[in-house]
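Just below sit the structures, each encoded as structure tokens.
Each of the next two complexes has subunit A plus one other chain: subunit B in the first, subunit C in the second.
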Partner chain A sequence: MFSDLNNLLAISKENHLQGEFVVISSSKADGSFLIHHFLSFFLKQNKPVCFVGFSQSYNHYNTVAQKLSCNLNAAKTSGQLVFIEGMKLLGDAVSGNRLVKGDNSLMCNTDFDLQKFFLCIKSSLDSLKVNQSQDPVLIIDNLSFLHYIGCSIPQLVMFVNYLLGKVTSQGTGSFVLAIYNDMISVDEESDLLWKNLSHLCSLTCQVTGLESGYSKDVHGELLITWRSRDVKQSQTKKTQFKLLDKNVTFFASGMSSAVL
Partner chain B sequence: MAAPMKQSQTSFQKKIPTKLQIPGTKPSLYNNQLLISTGIPSLDNVIGGGLAVGTVLLIEEDVFGGYGRLMLKYFCAEAVMTGQALFLGSMDNMPSQILNELPAPILDDPGPDSEQLVTMDTERMKIAWRYQHLPQFQSSPVGTKFGHYYDLTRSMELEVISSINTLLIGQSELTETGSSEHPMNPYYLQLLKRIQEKIESDGFGTAVQQEKRNILRIAIHSLGSPLWGENGGLNQNGNYDPSLPRFLLALRVLMRSAFAVCVITMPTHLFCDEGFVVRVERLCDTVVHLESFAGSEKEKNSLYKEYHGLFNIRQLPSLNSLTCHMPDTLDLAFKLRRKRFSIEKLHLPPELSETASRPQEDPLSNFKSPSQTGSCGTSLGFKNKLDF
Partner chain C sequence: MIDDIVSGREKSELVLLEDNVTHSGGPVLKSFLTSLTQRVDKVHYFVFDPHPQKALENIPSDCLNRIEVHDGFQDIGGWLDSSSLNVNTDLVKYLENLPGHLANQVVAIVINSVSPLLLHRRAPYTCQTISRLARQIHDVDVEQILCLVHQDLHDNHDVAQLEHMCSTIIRIEPSAHPQFNFCTGILHKRLSGKIVRSLEHFNIRENYEVYDVSDVKMSFSKPPAQQETTIDPTANLTFNLSLTDEERAARSQVKLPYMHDENRQDATLSKSVGEGKIFYQPDEADDFDDDDPDDDLDI
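== the complex of A and B ==
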């Protein structure tokens, strides 16, 4: 949990993203630090969290969370956290040879069955809500993997819409979603996904690499945009960052300690 | 009081005693991951010490594929030298052919020379005599070395290669077709099954308890070439074919739960869709890209005359940590000497003669018309206030 980032995102004690839909996009730089931040942040707020990890194994998330002084194992046993090992689930589904036992297969003919997967997430959200008597937070890292293995964009947008309805309908749950969006390369479909999601969401965090290329001391730029219905209120913030072992430092563009 | 004191003496022990010593591995300094060498020490150096166990390295081949294949051979040769198991799959070449062309190792420690020891003993230290009685420290621990050097002019003896556990998967092993109705290209599926069988049968999985651990090295040559039935991510009807991403995802899942490392070379220059290449890269952990000068304009450029191609690091994994290894630069160059392939920092050749300018500077000066020299240029005949 990074306190600087909370200030940037205007997160305070009263307002911790209830009913918000946050989309994190990364291109040319790794935005996964935001995911780790949100995971430990919501767990420390005693919120029930459902986490779907497509990009890494549970072990990775757990080790990083420990560095941010947050224990995923304890949260799991206390029932505060439901961790869905999306990577393993997806890998087993597409390799097909050791399908999930019985007829619980997540594949429908040759395609990944998003509807079954939605029901799987829905049931864990429901059980979290009943057990913790609080609206849960859903974090998905990273939706683009579903696209890569062959889910079409309209399907994915529908999937996100269903999840959004499920999580934020009461106005107290939150939904954090990460995608890859390579604006530089010509991947039209991922651009389409990004446009659709930014249409739905209330807060976007765009992590991009530097325009001037790779640097050892400045790891990327973060553009935060609040989308409110009132045009006057919507605001953006741009900052550069450097990742450290257990923290992230933010500074204004061109104000890196390596430059000055 | 004395007795409990004695017991508490042991409280300052290493947190994790050296529990598993696998030949040819070392722990990473950054994230405590177990690393193995790629066989090219200069490459290990730039990617943060080596390849983490349980990850996939993607080598994007140069246009003729020669250097990519060479790097794969180094990776296989390192398996032989460290006694690790090797799984070699190829569709384009016979895997046995690649195995026969492995470079021979340079063995630089032929053991302590007895004669030298005698002379050392008689000739006492004259200077710094007070260090004489101190025990001799070894700066580097002996045992299995991490990363070897190889001589490309000679090939490794077959008896040495046959000493390790190898499995070769070629075209004939992969063409057994199963059911046609499957979410993946049959070749990829077959390859995946073979890897899975190998991991299960020889106990490389992390779930299996074993007395003596070893690492499985998986080398796949030219994955995604037309012989694998790949068409740059498109199927026959021109729609998106997710076979390759699916294979890589399933492979990553397999690797994460096994003591194995996979190196894939892939001719990504054959894929016309840039976006597809990016997707493939995202599904691997470490990605490097080779661009050979052979047959390109850069071959004749005197700037590059010391190198054989450019070497780009496209992606580095962040494993168990927020950040990945951050090298000084991602743009490097590779060089193939008579005996050795190495990756070096790209730098300009020294300017030896005082008068000669580089030939590629000449066209620039032609473009410069006198009016364009806005800065302190030295255009004769045109007097600007700023000129000197």
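== the complex of A and C ==
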């Protein structure tokens, strides 16, 4: 959990993203630190969390969480965390492997069946809610993998619609979703997915690499946008960041200690 | 113009409201909703996009009893229960089969938004549905249909199809003035057939009343402004490239050394005797170019 990031996102003790939908996009830079942040942040707030990991294995998330002084194993045993191994599901879907038999298989005529997958996540969320008597948080890292294995954009938008309806319908759950969106070489499909999600969400975090290329001292830029709600205008903040071993530092553009 | 359309003083059967990610059309849609509740018996509000709670946030409570919300968001694809309202539902039949459906009512229909219909059911279906809603609901007089569309999610072709059907198109534009929160470009087709275009700035009150409407100069005044901005490369130079008339006259007076000049010829002839001199007097066929004296050389 990075306290600087909480300040940037205007997260305080009273407001920790209840009922909000956060979309994180990465382009030419690694935005996964935001996912690790949100995972450890919500666990430390004693919120029940359902995590779907498509981009890394459970061990990876666990190792990073330990660095942020958060124990995923303990949370898992106590029932606070449900981890869905997305990588296995992707492997099954791509290879047509029917090893997972019966109702658990998300395969349906070699297509990844999003409807079945939604029902699977929904049952995890429902059991979390019953056991922890709190509205759960759903984190998906990263939705673009479902696009890469062939799910169409309308299907994915519908899938997100359902998850959003499920998680935030009571106004207390939260939904964090990461995607890849290469802004520079314009990929129309992922751009369309990004725009659709931006219309649904309340907060977007765009992580982009520097235009001038890789730098050892500045790892990228973060653009935070709170979407306009009602008569209020949308608010944006732009900052540059550098990832450290156990922390991340933020500074205004061009104000890196390496430059000054 | 925008206040006339919102309040119903300017009649319009089908209104299309176009917004995008950075400029949300939500507040304008809510202005229409509150105004429609004053004019009709019932407003049927189809919500496909955000949560119905959020879609009704901050609407004055005295308006709410005339708004009937139809939630198409919770089960948008019919995954949970195919009989509930979803993108595959025939909206005309759905309205006709409502339990509270009363004949001879004046109703308005608001769809927030048609983007899911366009995304999942394509444009021809969406256009057909909207036009049937306007004309084919049994025994019901439809005062106005308002559709919100997120125009950045669709290609221009799909949006153009919708635009052709509508009598008013309101596009949310970025506001150029800090004292105005909203700016809309309007294309309104009057019942008489006259087409009116305008670009307006305005603000919206907490109770969704439109105020402070002011016209922005139309975009056709822009071309002259662009001509002005064509850059003159000879401006701002540290030296002078052009000549004034006086300077040009002065230049023509200058006698160059190789030119015929009687005074100088006489002076030279009288001064030096026995030395060979060449004097050249250009004839008519010679073409002297002051700027490039060597141009007759074949280099």
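Quick notes on this structure:
Quick note on the criterion: the second predicted complex is superposed on the first by the 253 of 260 C-alpha atoms of A that agree within 3 Å, B and C clash if a C-alpha of one lies under 4 Å from a C-alpha of the other, contacts with A are read in each partner's own complex, and residues count from 1 in each chain.
In this text, a contact is a pair of C-beta atoms (placed from the backbone, for glycine too) under 8 Å apart; a residue touches a chain by one contact, two chains touch by 3 or more.
Quick caveat: nothing in here was measured; it's all calculated off a predicted structure.
Partners subunit B and subunit C fit side by side in the overlay (superposition on subunit A).
Once the two complexes are overlaid on the shared chain, A:E211 sits clear of subunit B and of subunit C alike.
In the overlay built on the shared chain, the residue A:E14 is in contact with neither subunit B nor subunit C. Shared-chain residue A:D187: touches subunit B; no touch with subunit C.
In the superposed model, A:F145 lies in contact with subunit B only, and not with subunit C.
Once the two complexes are overlaid on the shared chain, A:Q115 sits against subunit C while remaining clear of subunit B. When the two structures are aligned on the shared chain, A:M158 is found in touch with subunit C, with no touch to subunit B. By the touch criterion defined above, A:S198 reaches subunit C but does not reach subunit B. In the superposed pair of complexes, A:T168 makes contact with subunit C only, with no contact to subunit B. More residues of subunit A lie in touch with B than with the remaining chain of the pair subunit B and subunit C. After superposing the two complexes on chain A, the shortest C-alpha to C-alpha distance between subunit B and subunit C comes to 8 Å.
No residue of subunit A contacts both subunit B in one complex and subunit C in the other.
Note for the complex: subunit A touches subunit B at residues 30, 32-33, 36, 57, 59-60, 63-64, 67, 87-88, 90-92, 94-97, 107, 109-111, 144-145, 148-150, 180, 182, 185-190, 214, 216, 219, 243-246, 248. Those residues of subunit A whose C-beta lies close enough to touch subunit C in the complex are 115, 118-119, 153-154, 157-158, 161-162, 165, 168-169, 171, 192, 195-196, 198-200, 227-231, 233-234. Every residue of subunit C that touches subunit A in the complex is listed here, in rising order: 21-24, 26-27, 30, 49-51, 53, 57-58, 73-77, 79, 115-116, 119-120, 150, 152-153, 181, 204, 206. Here subunit B touches subunit A in the complex through residues 181-184, 189, 192-193, 196, 240, 242, 245-246, 249-250, 252-254, 256, 274-275, 278-279, 282-283, 318-324, 326-331, going by the rule given at the top.
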